[in-house]
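Structures for review follow.
Shared between the two complexes below is chain A, which has chain B as its partner in the first and chain C in the second.
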Partner chain A sequence: MVVLPSQLLGDIRNNKAGRGTFIEKGKIYSERLGILSKKMGYINVVPLKGRYNPVEGDSVIGIIIETSSSSWLVDINAPYPALLHVNEVPWSIEFGDTEKYLNYGDSIMAKILMVDESKRIQLTLNDRNLHKIVGGHIIDVEPSKVPRIIGKKGSMISLLKKYTRCRIFVGQNGRIWVDGDEKGIEKVVKVVNMIENEAVSYGLTRKIESLLKKDAKDVR
Partner chain B sequence: MKSEEIKLIDSNGKRLDGRGPLDLRKIKIEAGVLHRADGSCYLEWGGNKILVAVYGPREAIPKHIQDQVKALVNARYNMASFSVEDRKRPGPDRRSREISKVISEALERVILTEQFPRTTIDVNIEVLDAEAGTRCAGLTAAGVALADAGIPMTDIPVACAAGKIDGQVVLDLGKEEDNYGDADLPVAIAPRTDEIILLQMDGHLTIEEFDKALDLAIKGCHIISKLQRKALLDRYQSLIEGGDIE
Partner chain C sequence: MTIIPSIKRDYLCRLAEQGKRIDGRKFDEYRKIEIKPNIISKAEGSALVKIGNTQVLTGIKMDVGEPYPDSPETGVLTTGAELVPLASPDFEAGPPQEDAIELARVVDRGVRESEVIELEKLCIEPGEKVWIIFVDIHVLDYDGNLFDAASLASLAALFTTKVPAKRFDLGEDFPLPLREPPVSCTSVKFNNVVVADPCLDEEEIAEARLTVATDKNGDIRAMQKGLSGSFTKDEIKKVIKASINNGKEIRKILYKSIGK
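== the complex of A and B ==
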């Protein structure tokens, strides 16, 4: 169900106020445009639109927007740029040599190391699967649609990988990296756009599978 | 300014455009009309045509204007040079700066600004066609555009004016009524709590007339609030078929 800001969702005595809600005089209201979801006594509002809200531990795709002698500033589609310090990359870098490794316009797969209360974000590249991105394409989607592109336990994304033979990485911030042959990339872009614009409906995974099956010749 | 020849209310109690004293002009609201903006709204209110684009929250630049604990709300009201009969000289003037300021402050009251420290939320209100009551129309459209942008707020702000013409308190003044009437009272409220977030007055009203006009304007706000909600639901309900997200 679509809810609007200030819509009454329930009473604090029977429910717990979850994400996207606020409490006033013992009543729970929605604070934003979104979809109502009730889970384990919590009332949540899943946003339909809006900027990416950085959360510690999220994997994101970032683009370098500034380099300085001991750090980089990275655009991760949040309201704020994120900081990547030289201590948080897997290379040992001499002071001032940052531009040799990552320069303006480069893309990285990074993880959010921490977010403090005034929303200063720090990234890290020191983990498995985190690296500088070379080649491929980046698709932008609405951050709130990311869970649906991944699917239940990654069902949707593994489908895509299976039928298009592309390498795909979905960042929580609504950026998707795809690499593979031209046709495959085209297909991924098409399907991702479809998922983004399609109604929130049951059986979407099945629908996408039949669509992919139709024009797939060689399946791994 | 008052001209004796112009009768704003005829013998049947009808106004110049055929409305009764308690009728609103025709209102059409459409949400999410611009692709580049984070949120947008197009609104037609009588002869007013208004386009609002919301950007943000995004980092406030230059850095010294940033607030470490909350977001800044930056509304910019602008009239297109072709929006009035005589060409309006483009650019901000005294009037539009005042309206920008009062709308910014009204919006700041409902937006949960403390969720986005160090950012700005930019609200661009563009008046394409003007026919009295543009600040109310602009604020109403801004409310829809903010909700469309997914910005957390405690309420969707809504505005409506009441006024006095030919000695009678009426709702939602039209162009001639605004120019030749006795008073104009734009009011914006947060409709859930009826909290007044903007109140201005031009002209003269007695205390009794003021109370009556205020009540009337708030009633008008509630009617428009329903239209705002309908516009947002029309835009997004169609995207949702199967009920709750799994």
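== the complex of A and C ==
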């Protein structure tokens, strides 16, 4: 069900207020234009559109927008830029040498280390699978559509990987990195756009599979 | 300003080297163009133009006012553009920025220099009273190539315009006197390839941009070069040729939409 901002959703005596909602005088209201979902007693509103809301521990794809002598500022499609400090990267960097490692326009796979009350975001590269991205292509999608692109228990994404032979990494912030041969990348772009446009239709995974099967000759 | 990740730029360049574009078009191919004329009832004329996902709405208002002293017997044309924040995260509210002013000027020049409006017929009393045409361009959705969408919307809107003479006690309403319309076609250059009708990704990495307005006979009526890069002589010839060819197709769509 689509709800509008300030629409009454329930009472705090029976429900808990989840994401995208606010409480006023004991009643829960929607904060955004989005789709209502009730899970485990929580009332959530998943926005139809909008920027990424950073959550601690999320894997994201960021783009360096500024370098300073001991840190970088990274655009992660959130309302504010995120900070990446030299202590949070796997390389040992001399003071002032940051540009040699990551420069303006470079892309990274990072994890959100912490988000504080005033929405200041810190990133880290100190983990498995986190690194600077080289090669491939980045697709931008609505952050709210990311769960549909991954699918239930990763069903959609494994389908895509199987039929296109591409390496795919989906950042929670709505950026998707694809690497593989040109044809594979083209196909992924096409399918991702289709998923984004038809995110609410029923039986989407099956539909996508038949589409991919049609023009796939060699399947791993 | 959006930052373009360098790997996205590299991907677009790699595709271009193989003669491909990100949305599968040919280098000189346009996206789907849709024109909906007369969609605002309160305006004298209006049109909504879609080029792919780019959407531009133009409204025409007319008023009676004083002519400029150097042209006392011709009507006045004023073009304004607004890039509302609704259209793109890059657009800011407030007074028009450089890009909005350039957009309005390019549209204005295309319309003015092609002499599509018979401004001399819009004189009421020489030196005292003439018709003033306000062309207001609103960008609703930005996915590249605003120039073509805006000028096409303005032309389609002009063709639906009725001069509101009755409201000013100047006789019966009459359609705006018009000649043959010009058609603007924009191309951009990046990584030594020239592509027509750039989408947002292509526009973001573009080095140079050239807008050419041609008329029915294939004569050039207006041109605007943008951005800091350069074109070679051959590339400019190519752009002009592509503009004339695409202009023919777009003119057909324009005529069809206004029922001519």
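Methods note: the second predicted complex is superposed on the first by the 219 of 220 C-alpha atoms of A that agree within 3 Å, B and C clash if a C-alpha of one lies under 4 Å from a C-alpha of the other, contacts with A are read in each partner's own complex, and residues count from 1 in each chain.
As a working rule, a contact is a pair of C-beta atoms (placed from the backbone, for glycine too) under 8 Å apart; a residue touches a chain by one contact, two chains touch by 3 or more.
Keep in mind the model is a prediction, meaning the values are calculated, not measured.
Model built by superposing both complexes on chain A: chain B and chain C clash.
Of the two partners chain B and chain C, more chain A residues are in touch with B. Of the two partner chains, neither chain B nor chain C is touched by A:Leu73.
After overlaying the two complexes on the shared chain, residue contacts for A:Ile65 are found with chain C alone; chain B is out of touch. When the two complexes are overlaid on their common chain A, residue A:Tyr104 makes contact with chain C while staying clear of chain B. When the shared chain is aligned, no partner comes close enough to touch A:Ile12: not chain B, not chain C. Contact with chain C, but none with chain B, is seen for A:His137 once the two complexes are overlaid on the shared chain.
Contact with chain C, but none with chain B, is seen for A:Glu182 once the two complexes are overlaid on the shared chain. Of all the stretches 27-35, 81-89 or 153-161 given for chain C, the clashing one with respect to chain B is 81-89. Within chain A, no residue touches chain B in one complex and chain C in the other.
Of all the residues in chain B, the ones that touch chain A in their complex are 38-39, 56-59, 68-69, 112, 116-119, 147-156, 190-192, 229, 232-233, 236-246. Within the complex formed with chain C, the residues of chain A that make contact are 63-65, 75, 104-107, 133-138, 182, 185-186, 189.
For chain A in complex with chain B, the residues that touch the partner chain are 1-2, 4-6, 20, 22, 24, 29, 31-38, 46-51, 79-81, 118-119, 144, 148, 152, 199-202. Listed in rising order, the residues of chain C touching chain A in the complex are 3-11, 14-15, 18, 20, 22, 24.
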